[in-house]
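Got some structures for you, see below.
Both complexes below contain chain A, partnered by chain B and then by chain C.
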Partner chain A sequence: MSASQNLIDSALFISQGAEAASIFLLPVIFSPDNDIDSIGQKVYKAQLTSNSSPILLKHRFQKQYRHPTLDASLTRSRIAGEARTLLRCLRAGVNVPGIRMVDATNGVLGIQWIEGESVRKLLPGEAEGEDNEEVDLLQEYGISIDEIMNLVGTEIAKMHKADVIHGDLTTSNMMIRPIKSSQAELILIDFGLAFQSTLTEDKAVDLYVLERAFLSTHPDSEPMFASVLAAYEQRMGNDWAAIKSRLDDVRLRGRKRSMVG
Partner chain B sequence: MESFVFDHVRGVGSDSAYVALYSPVANASAIRKRIMDASKMEGEEGERERDAINFAFIDATLITSRLHLQTAIHQAILAESQNSLRTKTVHSEILFALNPTNNITEAIRRYGVSDSSRALLVVHIGPGHRSSLSETENKMKKAVEGVLKPLGELEELTDWQRIKKYHRLNTADDEDHASVNDFVISAVAMKTVMQ
Partner chain C sequence: MPGKLRKSSPLKNSDRPYLALGLEGSANKLGAGIIKHAGDGSSSVLSNVRHTYITPPGEGFQPKDTATHHREWAMKVIEDCLDQADVSMHDLDCICFTKGPGMGAPLQSVALVARTLSLLFDKPLVGVNHCVGHIEMGREITGAQNPVVLYVSGGNTQVIAYSRQCYRIFGETLDIAVGNCLDRFARVIGLPNDPSPGYNIEQEAKKGKRLLPLPYATKGMDISLSGILSCVEAYTYDKAFRPNPILADLEVENVITPADLCFSLQETVFAMLVEITERAMAHIGSKEVLIVGGVGCNERLQEMMDVMAQERGGQVFATDERFCIDNGIMIAQAGLLSYRMGFRTPLVKTTCTQRFRTDQVHIAWRA
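This part shows the complex of A and B:
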């Protein structure tokens, strides 16, 4: 038995798949971009010592259908990739959860537990019949929808400036964390599909994926997404023109490039 | 002295760390010399001497917070429990985890005790027993001539400029200690998968 396995056994199971699901076990959302890999992990809430803050454990468990050697090396490289991307974001000042432990041998990544709510739950259009819930939450967090959109655009721009592509931008993968005596902050989470790239194409596709996620989870959200792009544009400065024209191309053809030629 | 107990390591490896902060320290150069000599001593005498200073001596000015230290200790304990130590002992592994490069000598020179160390964090890792607590405390007292301080005073000692230099954090705002702290904790935690 390994130490990390003991830690998992004593932890609170939260979900299989997406990182942003809350303890109430929401139905896990499979966006079109979630490949098998991002489903192949379990998420827990745990504590390393009795008086420390809680952490979130992501366990990439062993896959029986893969050869053990291949499995170990894939798991290791994915944990490493996610950790490196997070560190790169932290270096660039992007709001992401801090890393708390890494055990690549056992496929465990421990990150800071974020107290807050996902942007998805704060925006209208979640489930029918609970219309007032978002309004209450927005009030409780002391933030308006417009301010959230502004934070979303700014944070993505900061991330893209560091040449990090998230790969799975959805409103579920953004958390709002309230701060005492100041405006709440937005934290990007779940870098399981993230990678590094300087290409305009990748940044445009990242935005396109978010646009699709917005439109499919939140009805009538075109104006919201427009203000995300406005904030993004402001932060990106000169790089925006190229990304914008590429985004228009991507909208016409979809996220996959043509395989012809 | 404080102790950190990592329950999930019990039965797998050493699960407890005893930590004491000394500031100021009077005999830093003597401690350093003692460690160097002890490593060369042979026979029973050598065993006894090594046992007497079986600690990690960490330059306290390079530690930004309790969580920073705790993370380094945890990664060292984890490595020991998996027989994957990259240095010779679990104590030197803490110093290795703290340094952002893979150079062990550099890690010990930077983060270990040096002749000019003014404040030291003394850490002992072992299995957690009540009896070993007072025993460890006695050994620490014998080894270190300094004033014992609560761990909470750690943050007052931090040399932010040097930490930023080691981690190559040049762009960060000079007063923004919180984000430097966040960064170094993460850097320590992901040390094993660093490129």
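This part shows the complex of A and C:
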């Protein structure tokens, strides 16, 4: 049995997303359905040593539906890719979790534990009729929806400037971390599908994926996404024009395709 | 969104039984079916007749020839459909036809038949979105309540979830549809189109053993398939490729057979489909998956989806070829639902469209 497996066994299980599974040794902070990992892994909270700060373990367990060879190569390349892009983001000053351990063969990645709440939970349209609670959360984090959108746009722009493409931008994949006596910060998470690219095409598709996630998860969120783009534009500067026109192309693409047959 | 308290359905139980005729001809299948909605809310399929335009191996179906086929067979198929259901045209409440999406010429030839019948027998017309037809029939047959829908056919590849009276598209193909990808590869290796190229790929894949590396192209919840088709086609020019492998070939290590290519293509493409479906399930927190569309009858896809759903503690709903492959009954089902909500298509609006997105339809009959 590998060291990673021992670590997983000692940790506390949080949730199963679409692809990898996470370990909890400490008190459960998130209830199981609170933290949905959208790329399919089991997520755990664990500690490397008894007095170190907690880390998040992502275990891409073997997908039984996939051919074992295909599954093994995908797992290996995605774990390595995730670590690599996280590192690149960290170097470029993008807010992402720090890396704590990598075990690509066994599909385990350990990253810094982020205390906070996903953007998805903070935006309206998510909670089931519990509008009051949302307001409370926003107040508790001392942040307005507008400010969140601003942070989202800025953080994505920083990432794209470092030529990192997230590949799965959704509101579930962004966390808001409160900071005492200062504005909360936004952390991008879940780089399982991320890759490096300088192409305008890839950046535009990245934004398009987010736009679709916004519209399908948060009803009537067009103005919100508009302010994300506004903040993105500001940060991107001269690169924005090309991305903007490509984004318009990409939007048409899905539409064009869908209706043959 | 799922998880919300279920509101009561806007569709009221009817005071009398309703009957609808559905006519489908958006691609190479011409279908006619009659559905009955009884007063107690149950529905039954009275007949479901289909005739497929089959082209020789290596050839696809051209719009013009397909339209000719539909025109030639329309009377026969509709007569059979009425005979089997044992109803007369006068008993019908409405005539439903596919408004789109699909190939223009075949769509038009069937719409023309629908218009003619409507005028002859003085029956109202209901234009139906083909994709919504698939989803509604799948829900009706399997009893799935609020599933994530994977719609995979020769012309469409979409991951869909219902929200606020609309079937929203979460993910889709960015280029060609999965059925198109499989069919075109069947043409490359000369598999027959009878009963369908996809079926023959599936049978061939069962004999395959080697998994050859192919691109794996998921982009968020979208996928891209055209590059995979080019890549798998490129293997047929490989020196190790044997179009008609003999026994001695199979003992050599590095030989590539058509069966291996079918196997690799299916494994890779279906893994991508299952992955984006799983991602949609995780994203919206649903445990049910419904597979509809022609590729949905592929048993390997159903099997992979089933394994994924079980890993998540969920369930897969799928139907057999009668309802998966394009048919008239699904058009009747979706059309009758909207008819009962008061929807009619006036004669001047009974045009067809090749581009008609799933999310453009107002799903008035669901809460």
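A few remarks follow.
Assume the second predicted complex is superposed on the first by the 217 of 261 C-alpha atoms of A that agree within 3 Å, B and C clash if a C-alpha of one lies under 4 Å from a C-alpha of the other, contacts with A are read in each partner's own complex, and residues count from 1 in each chain.
Heads up, the rule we're going with is that contacts are C-beta pairs under 8 Å (C-beta built on N, C-alpha and C of every residue); 3 or more make two chains touch, one makes a residue touch a chain.
Because the structure is a prediction, the values reported are computed rather than measured.
For chain A, the partner that touches more of its residues is C, with chain B and chain C as the two candidates.
Contacts of A:S50 after superposition: chain B is touched, whereas chain C is not reached. By the touch criterion defined above, A:S216 reaches chain C but does not reach chain B.
Once the two complexes are laid over each other on the shared chain, residue contacts for A:T170 go to chain C alone; chain B is not touched. Applying the stated contact rule after C-alpha superposition, one finds that A:R84 touches chain B and leaves chain C untouched. On chain A, the positions that touch chain C within their shared complex are 16-19, 33, 36-40, 63-67, 69-70, 73-74, 125-126, 128-129, 167-170, 172, 193, 205, 209, 212-213, 215-217, 219, 253-261. Chain A meets chain B in the complex at residues 1-4, 6-7, 10, 48-50, 52-53, 76, 79-80, 83-84, 86-87, 90-91, 93, 98-105, 110. The touching residues of chain C, when paired with chain A in their complex, are 1, 3-5, 26-27, 100-103, 130, 153-156, 158, 161, 163-164, 168-170, 172-175, 177, 179-180, 211, 213, 216, 218-222, 267-268, 271, 274-275, 278-279, 281-285, 303-305, 307-308, 311-312, 353-358. Of all the residues in chain B, the ones that touch chain A in their complex are 4-13, 67, 70-71, 74-75, 77-78, 81-82, 84, 169, 171-172, 179, 182-183, 185-187, 189-195.
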